[in-house]
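Look at the two complexes coming up: subunit A is in both, with subunit B in one and subunit C in the other.
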Partner chain A sequence: MVAECVTGKKVLMKGNYAIANAAIKAGCQCYFGYPITPQSEIGEFMSGKMQELGRAYVSAESELAAINMVIGAVSTGVKAMSSSSSCAISLMQEALSYATADQLPVVLVSVMRGGPGLGNIYPSQGDYNQATIGGGNGDYKLIVLAPSTVQECIDLTYKAFYLAFKYKNPTMILADGLLGQMMEPVEFYDYPYPEIDTTSWALSGAKDRSARVIRSYAPLEENQCVFLDNLFKKYELIEQNEVEYEEYMVDDADFVVVAFGSMFRNVKSAVKLCREKGLKVGAFRPITLYPFPSERLNSLADKVKKILVTEINMGQMVRDVRLAVNGKVPVLFKGKGVGAMIDVETLVEEIEKQMGGV
Partner chain B sequence: MATQVFSIPKSLKKDVKYSFCPGCDHGVAVRLVAECLDELGLKENTITATSIGCSVGLYDFIDIDAIEAPHGRALAVATGVKRANPDKFVFTYQGDGDFASIGWAESMHSAFRGEKLSAICINNTTYGMTGGQLGPTTLLGQVTTTSPTGRNIEYYGYPVKIAEHIALSEGTAFSARVSLDSVANIRKAKAAIKKAFEVQMKGLGFGFVEILSSCPTNWRMSPQQAHERVRNEMMPIYKLGVYKDITA
Partner chain C sequence: MEKDFIIAGFGGQGVLLAGEVLANAFMLDDKKVTWYPCYGAEMRGGTVNCGIVMSEEEVSSVQKSKADFIIVLNQASFDKYASWVRKGGYIIVNSSLAKKSDNQRDDINYIYVPITEVAQEKLGNIKMSNIYALGVLAKVSKLVSVESLEKALYNVIPPHRKHLIPKNTEALKLGYEYDLLKV
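This part shows the complex of A and B:
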């Protein structure tokens, strides 16, 4: 049973159900999906709830179909979403490229599991690159939001719908198997963002106006150049306005640990322990993986002596941190291929070892 | 006093450059679709999902809202449009490669689900836009750029009979195969398109029309020769007719 999510009432809930409930409260009218662990609860919950509410749910024949159904629905200005995981998000890359080219407010939840290939169903952060660099063709970016608590699954699901429509750009919530399956107390609140007017672009039938075409085919070189220049002006705006991050005890820190998503939870505990030992350590968490908080990391590098990046993958976000810091200080990496987050003791040990020279 | 007996359908744009090859049946098919939209009063309430192939040009001609789906995904995109807007009229216009090869899963499952959609498939027995390669409907013996000695079963397997397969689905309300090789057949084609539209309007299920269509350019034939090929080589294998009509 999934707890009733009454505004203002604390309930205990799994991350996957929190995302699904928040999407419904955000006004998501259509859900299209195909099962895959560790996110199947989202589709399972949606199948009943959407029918009950008279909204649309389709058990798609594949993730390829599911994401293209989302494209169809949002092209009419309606809020719609899909959710999936790792190897199945791979199947959606072509459509994500189209959706950025078509400037469509697609919302997609990616609950990472082990990879490459079929991998396994343990938690992982191995799809950081898939989310932020992408596997679709051409120059494009997704807005990527990475929650680290179940409460934040709600906050960032709301935000994902808002940003997707504000910028007409596909937006991804990048969670992991741990967050999807973990229960935490959360509090629901009403969708806090303004509704974005879509009447200037949404397809609705050419009544009392000329026909609209949502297309990416641009046979002429110059047209495609103009299109890309404009697309990247939009990305500049996103980079100026939407960067979000969390800092913990960085003010006087000599050493900062950077992590995103679930991994940050243990990093915070490790920093607390290090502080008790008198070590000047802080923690930093990008909440928006795109736009990445590069500027802030660059200015932190003026104050700290070393940065340690920890991820449940073989080293993906660490590249973005290195680019941000641009050689000012050494950026070290502590990773793990897949599974449970690196434990607090190991982190403390690693920090102490690396701080030896600080 | 002169009486006007022929005019451009309201659902077609007036001042566009014709982009299909001379003698290509795509032009006739687009006109028939536009006439049906006009006659059923659908122009202002319609959204179409176009496909990748020579059919992508539909949105250059037709004066209705359109979204270009990735290759093969037109019926998934259309499903999304329709589920979000059950009161809109939604159709796809796809090539045989788009519909029956790369998009076979999307096509069949839209029919299985009984989506209230109408789909038009232009069967020209080849991937036209990319220069005439072997596709799902390429006939046995047919020479294409990727079947240089003709399609043989050993190497390439059998051609797909689309309208028959769609008719097998319980969610299908109407499935027919038509041709544009003669005036009589063009009339029948229009009636079939209209029927495929009407079953959606009545909420009866999936409406489908496969149109046997010439591709003079890739077949390396004159328009006349191309229609003869439709008659003499395609029609004996791809038999014209209504394969399912739940209103009959």
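This part shows the complex of A and C:
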């Protein structure tokens, strides 16, 4: 049974249901999706609730159709979303490129599972690159938010809708199978962000104004250059204003462990154990994967002697950490292909081993 | 201090539901808690388990390979999870469906309870096995009360099945009354 999300009441809920409920409370008017484990609960919940609320739910014929339906819906200025997982997010890459070019506030939830290819349904963080670098054509960026608790699934779903509209840019919530399936106590609250005015661009019908068109086709070289310059001015703004991260015991740390999403939970308790042993270790978690907290990591590198990045993949975010740190200190990597997060004992061992030389 | 629980059995024995009730009870007691399921692609009959982590502080790791309290409702789960119990921990074994082990560990506590038989004979329905086992767990662990578990039933059982709550409460109480000295 999915608990009813009454504001201010603590309920035990799966990450997937938390995201779906938060989207509804954020005012999402349309959901389009195609089922895939480990995120099917989002669509399942939406299929009942959206109808009950008189909003739109379409079980699309494919992921390709679903994401293009989102593009159609948000073009009219309403909040709309889709959700999917790894191999099916791959199918949506073309549309994401178009949506950035069209400057549309698409919200997409990606609940990562094992890959490449069909992979498996175990948790994974193997789509960091897919989310932050992307598989669509051209110069573009998605805003990418990575929760690490079920409560944060709610917080960041709210934020995703806000940022998508504020910057007119597709925004992705990057969760994983662990977060999607696990239950934790959460508390709902009302959507905390202001509503963004869409009247200057939305295709709301040309009554009493001239007709508009939203398209990404720019046949003239010069026009496309101007467009891209402006697009990247927007990305500069996003990088200035929206970076978010969490730090844990970094103030006097000689050694910092960096992780995102679910993996950070284990890192935090490993750091706690290391502190009990008298080791000066801290932990750092990018919450926004784009914009990446490069500046903060770079300044941390002035104080610490080594950085260890841990991910449930073969080494993806570690590249961004290395770019941020720019050679100031060694950036080590401890990864695992897929499945259960690297356990706390293994992390403590790894930290102790790597700190040997510090 | 985190306490780890695992409930394991066949798909269809209500393993995930029992875990959900336990996790809700911890939440109602203002503890931090997470619940995480693990199951195959089968609808019924495969093995299934869920892990519950309870803590006074923020819960860190969700999937662990050790637990303080484990309930095993069938033989396959008993075979798999006996080695997962932490030193000094407890394993509650459904002796209706799992044989007493020949080479028992001497650093953990084995609680053999004919869970399926009791559910059938005293509660009139083998479907009561999971909730009855939770009653036994409440007594063994001393970490959750029958009252909190009963309140949790209201959170977990959907409105159209509310009439089943009294029977489930009876199962909890009967489990809690199980004479541990008999084991």
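Heads up, the rule we're going with is that the second predicted complex is superposed on the first by the 358 of 358 C-alpha atoms of A that agree within 3 Å, B and C clash if a C-alpha of one lies under 4 Å from a C-alpha of the other, contacts with A are read in each partner's own complex, and residues count from 1 in each chain.
One rule holds in what follows: contacts are C-beta pairs under 8 Å (C-beta built on N, C-alpha and C of every residue); 3 or more make two chains touch, one makes a residue touch a chain.
Just so it is clear, the model here is predicted, and its values are computed rather than measured.
Chemist: Taking the superposition as given, does A:A3 touch the first partner, subunit B, the second, subunit C, both, or neither?
Modeler: Once the two structures are laid over each other on A, A:A3 reaches subunit C alone.
Chemist: Looking at A:K25 after the superposition, I want to know if it touches subunit B, subunit C, both of them or none. Which is it: first, second, both, neither?
Modeler: neither
Chemist: After superposition on the shared chain, which partner residues are touched by A:R285: those of subunit B (first), subunit C (second), both, or neither?
Modeler: neither
Chemist: Look at A:K334 in the shared chain and tell me whether it touches subunit B only, subunit C only, both, or neither; answer first, second, both or neither.
Modeler: Touch status of A:K334: no partner.
Chemist: With the two structures laid over each other on chain A, which partner does A:L12 touch: subunit B (first), subunit C (second), both, or neither?
Modeler: second
Chemist: Quick one: classify A:I71 as touching subunit B (first), subunit C (second), both or neither.
Modeler: Touch status of A:I71: first partner only.
Chemist: Does any part of subunit A touch subunit B in one structure and subunit C in the other, and if so which residues?
Modeler: Common interface on subunit A, subunit B vs subunit C: nothing in common.
Chemist: Please name which positions on subunit A make contact with subunit C in the complex.
Modeler: So the residues of subunit A in touch with subunit C come to 1, 3, 10-12, 178, 181-185, 262, 265-266, 268-269, 272, 340-341, 343-344.
Chemist: If we count contacts the way the header does, which residues on subunit C are in touch with subunit A in the complex?
Modeler: 20, 23-24, 27, 32-37, 58-65, 155-158
Chemist: Can you name the residues of subunit B that touch subunit A in the complex?
Modeler: So the residues of subunit B in touch with subunit A come to 13, 43-47, 49, 56, 59, 62-70, 73, 76-85, 88, 105-106, 109, 113.
Chemist: Per the contact definition, I'd like the list of subunit A residues that touch subunit B in the complex.
Modeler: Residues 29-30, 32, 56, 58, 60-62, 64-66, 68-76, 78, 80, 94-95, 98, 102, 203-208, 210-217.
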